[in-house]
């Protein structure tokens, strides 16, 4: 792993244009600010392309789609593509409805997406190989365990090659892969999925790292996963017995605000698995 | 009161489809996760019916209406009705504008709503019997006090019979009623209305309890009220002198995360009043 | 400075109609509740005018525009104007896209705006005299420092006279001016811009003060700035070493909840600079 990735974000202060859902948008903005990026949210077709063209990374999240956001996603993506800026796509709940699937597929076909990041059910649904998920949470059968890391890595690399994007999916073990190389990240705690937006913030962090390190998308994504998981660990370790997900949410942001490369190096649990 | 209601929610992990306002949607999602439900937010007509048909309960909140959300509410509701799933309607600020009143009445007419839950001014406005409220907070004259519990219970039961739904309204004393039976819940603290979304989260909790206990809507709703009020009490008891509504908001979620049936049985202040 | 301004807000409980962005809307609502105002959020053309006509102050924030919000802003503004209610305009990111600039200019032309409040880059962009800002944060060159207070005050007074509104902009030093008088407020801490919505909440507080003290818009705005900055100072002073922006966000709201006129008088750093 390259070192100095967090310092690079804090130094560059990358502008991350987010077209994301309204459920967790506040956490996304605060997460970006805490890691040293500059968020801008704008999802009207009238202006999406402007921010797409000047941002350092575009982050598209399909959590709450509608017929004004979808055109804005495409316009922003085309402007980002024209300017050579990386694009992160988080296909929230993509297996749950045709509208989400069609939108995600349209975006993957029309835009040079750099990173596809979701939970295992979402990524598998996109690969047309997944078990069903009713909502936006991952189905238990899709979550990567120690026993199937090699298979998950193979799947991720093959999908990366087919789509031409970095592929990653979250779970107790996170997998991040390009066509030839895969990493497993084992940071994180069970409480994280019980705070809405943990995944959305992780995707935003990946966008921040990509915005500062566009030449190294695999390493940037791995760093984002390790940082997010480590912040969950630090936040959880600080909880008093009567505290729960409300305090945990604030503490994750606290940990993100204090995160630096030495803490990351000391705490990250990253292994190359292919 | 039936026991084991919270365990039932945590075991079933009901999928609650929320079409709600963007002001408090994050609290709604985190509240549902904390009690053990699985939230999904989707308010586009293109996909609302899909989630309406597969959810365990549909939660409709009219806090921030627009011309894409209203059709989605109806489509989701029709799908939920066809699938036999319960529907919760929170008519936020219904007395304040014709648009809200017409939407709430349309939903009540077109959908087999299971539970109508709002503050006293909202429910009275819907019953065409209320004092005016300028915004979305309850008018003082409408809040139930010890002196008028019997009258409030009569009103709630009559409205329940007329509309064919469980009726409930919040206040210092909460009233929950079907056509023949009414409960008063005296849990809660004064600070709760000073955190936006206390009512929205309460409605969402009711949806979670209904999603797990569809056969007992009255008991499920009473449980949601007692849980929410009790969480407010626990959160308030933990505040340091310099803490206020910001910390209180997080602590309510903490309390919700730890809530179980034994804590509920020990702390709930529920009385059958008719 | 007039005294008793906070008590005036808490006594009147002004209804503040907010048409604002979905990123920070929750903080705006909780901030208004904490200072003693009553927030209502409604951005559909179908009902915006109703709330505009009955509110004590209208707050318009262009952070996330779309083609349903913009007409609602105008309708609400016309209704507020007809009822003689003050209007606050926060031109978030106005220099970044033509859509924002055209919308802000349309609002300034069509509505009798009482207070224009943004960061220095936004206000300068509106005055067609600014350095560029890529996103929604202020450009470094635009932030007011001790060396250029006099120039900033002259600029603000001239702009106030030209537009016929109270003009204010945030920064390490805040400037608030009408055509003849300018104040500098030096409250606040560096961490505040690292929480999204600090500026949006400040504008909302100004709306609350204007809603209770419509006859004294300059003093009301100065009070809002001092209150917000002082809450930042109190929140920051209470942070433990491992706490960051997550806890800080909650603590600012805590401080706002406890704020009163004696604390304001003791802590405000306000100077008339012209």
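Letters A, B and C mark the chains in the order given here, with residues in each chain numbered from 1 onward.
In the analysis below, contacts are C-beta pairs under 8 Å (C-beta built on N, C-alpha and C of every residue); 3 or more make two chains touch, one makes a residue touch a chain.
This is a predicted model, so every value here is computed, not measured.
**Q** If each protein chain is taken as a node and each touching pair as an edge, is the resulting graph a line, ring, star, complete or other?
**A** Topology of touching chains reads as complete, every chain touching all others.
**Q** Rotation angle, subunit A onto subunit B: superpose the C-alpha atoms of these two copies and give the value as a multiple of 5 degrees.
**A** The best-fit rotation has an angle of 120 degrees.
**Q** Find the geometric centre of each of subunit A and subunit C from their Cα atoms only, then give the gap between the two centres in Å, rounded to an integer.
**A** Distance between chain centres, rounded to whole Å: 33 Å.
**Q** Residues of subunit C touching 2+ other chains?
**A** Subunit C, residues with two or more chain partners: 22, 26, 249-250.
**Q** Which residues of subunit C touch subunit A in their complex?
**A** 21-24, 26-27, 63-67, 93, 96-100, 134-137, 193-197, 242-247, 249-250
**Q** For the complex, which residues does subunit C have touching subunit B?
**A** Answer in residue numbers: 15, 22, 25-26, 29-30, 33-34, 38-44, 46-47, 50-51, 54-55, 68, 238, 249-258.
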